[in-house]
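Next come two complexes, and both contain subunit A; in the first it sits with subunit B, in the second with subunit C.
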Partner chain A sequence: MSTIIAKGINKKYKDTNALKDVDLTVESGKIYGMIGRNGAGKTTLLSILSAQNPATSGLVTIDGEKVWENQKAIDRICFSREIATTTPFGPNTYKIKDYLKAAEIFYPNWDKEYAKNLVETFKLNPRKKVSKLSKGMLSMVTIIIALASRAEFTFLDEPVAGLDIVARDQFYKLLLKDYEETHRTFIISTHIIEEAANLFEDTIIVKNGEIYTNENTQQLLARVQMVSGSAEEVDALIAGRDYHRVEQLGNTKRATIVMRPGEELKVPETVTVTPLSLQEIFLAVCGEEVEQ
Partner chain B sequence: MQENLNESKSIYLQIGEMIENEILRDILKEEERVPSTNEFAQFYRINPATAGKGINLLVDEGILYKQRGIGMFVSKGAKEMIRNKRKETFVDQYVKTMLEEAKRLNISKEELIAMISNTEEDK
Partner chain C sequence: MIKAMRFFEREERVNVLTMVLGSIAMYLYFWILFPQDSIVGGNLHNMYSAFLMMIGAIVMLSDVIQSYSRRYCLMISGGILRKHVFASQVVTQILFAIFNTLVITVVYLVVGTPVTPGKIITILGLLLTAGGMGNLLAVVTDRFGRPAYIVFILICGVLGGMMGGFSAAGELKWVMHFEAIYLFPIGIAVLAISCFLLHRSIMNLEVRS
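Let's look at the complex of A and B:
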């Protein structure tokens, strides 16, 4: 089994610390979801894991070998991100087919036939210039490159951001089909958490340049719950715990409690415990800085 | 498998319950093959590991059995097993909640029994 391990990763841009001492282990054969607010450090982290961007300090290894400037390691990873429609010299006049051609050279496991089929599935015209592509078409190209790369570790940065619901559903289906056949590793960052939550075996939450959690999605869902009841009861329950999002309506109070894995919550009969969706969990743990 | 998944409980528990419902309704018969983990995954757009967890719960309970290289099948007596299991949770899940609400509404035991038999007749 292959593993990518990031240890003590820091990334500084001028006066901001985009990543702070990040440790992350990515195991092969899993679909990971990566969620975090804008600017949390998701894209930076993915670009460092795939050696497209150097870390200020820290080390990324794949099966013990360092990834940076190591072609053998880089060949096993694909990080597909949206192509820019403009370049420093003006509009990007390359065509879709030029990018596919470049990808063929860049990714040793490139599946030309698969790429061709995907272009047809998404009804793209390969002769179209990148500068003329809509937001949705740009997302489709990102997806085609990721899937057809057949790379052992494939990272997609917000692949569905520009897609309508029909195309998003199509992508989820294509992803699962590919995963069934190849069982390779995917990391998918997304803001459309509600739709994709069930696709993720594990979920990585990036918060303020740090990893809040990287764990089995079902386990995470089981250990974060909302309690509601009288203010006194809820206050007593959350005391000394990891709690978030406390809100009060009249004398009724509710709060989100994060338990340790395997821990069970014992509550009085008058307190209601409600399971939360991944999106609600995200809102509870990452939404606090905007409150008040 | 026409039902949709919701967020009220774990997806793998819902997958397990859905298979059980199909067995209770005779849509899935004893000794018949159950769709594979990957078929479930693609149908519901969920991770195969999650679908597999739901199926394995039923294997552990003896409701389904694994045949190496072929797939999952419904065990003999599966329907009876599911019925017995669900009867055990029936009191907690339905009867207790009903009694609590009846208490809040001041419905007497006699009224409640009358309601149940009347509803039964209407059907």
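Let's look at the complex of A and C:
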């Protein structure tokens, strides 16, 4: 089994600490979901894992070999990221076919036939300039590059941004089909959590430049739950635990509790325990500062 | 490195086409503007080499800025090592300068203009200087943004105006008055200094898209 290991990753942009001492292990053969608020550091982390950008400090390795400026390691990774429609000197004059030709040169396992099929599936005109594409169409191009790269570790940064529901459904189906066939590793960063949650075997939550959790999605769903009952009972339950989103109305209180791995929650009969969806967990964990 | 060179080879086709079509367009422009019995009009076939050199120099000046604005990020995000991006950029520049010099030499030979090794080295030196200047401008533009770009446009405008003035006065051959011994080392020096800065800049480049 191959693994990408990031150790002690820090990334500073002038006065901003985009990533703070991040440790992360990515195992092969899984679909990871990466979720976090805007500016949490998801794209920065993916770009460092794929050696597209340098970390201020820390090390990324793939099967023990460092990734930075290592062709052998980088050839195993594809991070298909957002395509800019403008450059500092005007519109981006590249066409879709230019991106596909470039990808054919760059990725050692590039599947030209598959890319051609995907262009037809998404009804794209390869002769069209990327500066003339809608947000959804740009996402389609990044999806095509990611899937046709056939890279062992494939990262997609908000691949469904701007896609309509039909195209999103198409993408999820394509992704699953590809995964069944190749069993390669995907990391998908997304804001449309509810839709994609079922795809994620593991979920990585990035919060304020740190990894809040990286664990099996079912395990995460099992250990984060909402408890509601009298204020005294809920206070007793949250004491000494990691908890979020505490709300109180009169003497009724509710809170989201994060249990320790393997821990079983023993609650009085008067306390209601409600399982949460991945989106609700995300809201509880990352939405606090907004509510405060 | 091979992947990087293959990418640049595709990109350079546009530059070669620009050089050829641009010089033909200049030739036609002068052919329309100056009658056959004028000094410029009568000497137009000899001037075609100078047009090739001018367009080639402009292409070399502007090419790295193009690279900075779109090629480098695309290459790095496609998994090309930064050191290979840098090396292939420089090799491409040198190959383009050599190719341009060869084309100019062939044109000289075809139209019957005397060619000396000194002249060829001078042309190569001029083109390498243009490439080096292009590297410097790209690094400065990347560092300081649009104002630097505007300065670049102004410099090109002034240079273009000067070239136009010289050619109108029939003195476009002023370039040849430089001794090869000066221009070639200048070209190499400018290219070497600019390469040092370009390398540093590429190694620290933040890929954003």
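Simple rule for what comes next: the second predicted complex is superposed on the first by the 292 of 292 C-alpha atoms of A that agree within 3 Å, B and C clash if a C-alpha of one lies under 4 Å from a C-alpha of the other, contacts with A are read in each partner's own complex, and residues count from 1 in each chain.
Throughout what follows, contacts are C-beta pairs under 8 Å (C-beta built on N, C-alpha and C of every residue); 3 or more make two chains touch, one makes a residue touch a chain.
Worth saying up front: this structure is predicted, and the values here are computed from it rather than measured.
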item	value
First, second, both or neither for A:Gln71, with subunit B first and subunit C second	second
Residue contacts on subunit A - larger count, subunit B or subunit C	C
Which superposed partner A:Ala103 touches (first subunit B, second subunit C, both, neither)	second
First, second, both or neither for A:Lys135, with subunit B first and subunit C second	neither
Which of subunit B and subunit C A:Lys112 touches, first, second, both or neither	neither
Which superposed partner A:Asn53 touches (first subunit B, second subunit C, both, neither)	second
Subunit B versus subunit C as contact partner of A:Tyr94, first or second or both or neither	second
Touching partner for A:Glu82 - first (subunit B), second (subunit C), both, neither	second
Where subunit A meets both subunit C and subunit B, residue numbers	none
List of subunit C residues in touch with subunit A within their complex	3, 6-7, 10, 65-66, 69-70, 73-84, 141, 145-146, 149, 204, 206-209
Contact set on subunit A toward subunit B in their complex	30-31, 169, 172-173, 176-177, 179-180, 198-201, 217-218, 221-222, 275-277
Residues on subunit A engaged by subunit C in the complex (per definition of touch)	47, 50, 52-54, 69-71, 74-75, 77-79, 81-84, 87-89, 92, 94, 99, 101-103, 105-107
Subunit B - residues contacting subunit A, complex	5, 7-12, 38, 41-42, 44-50, 53
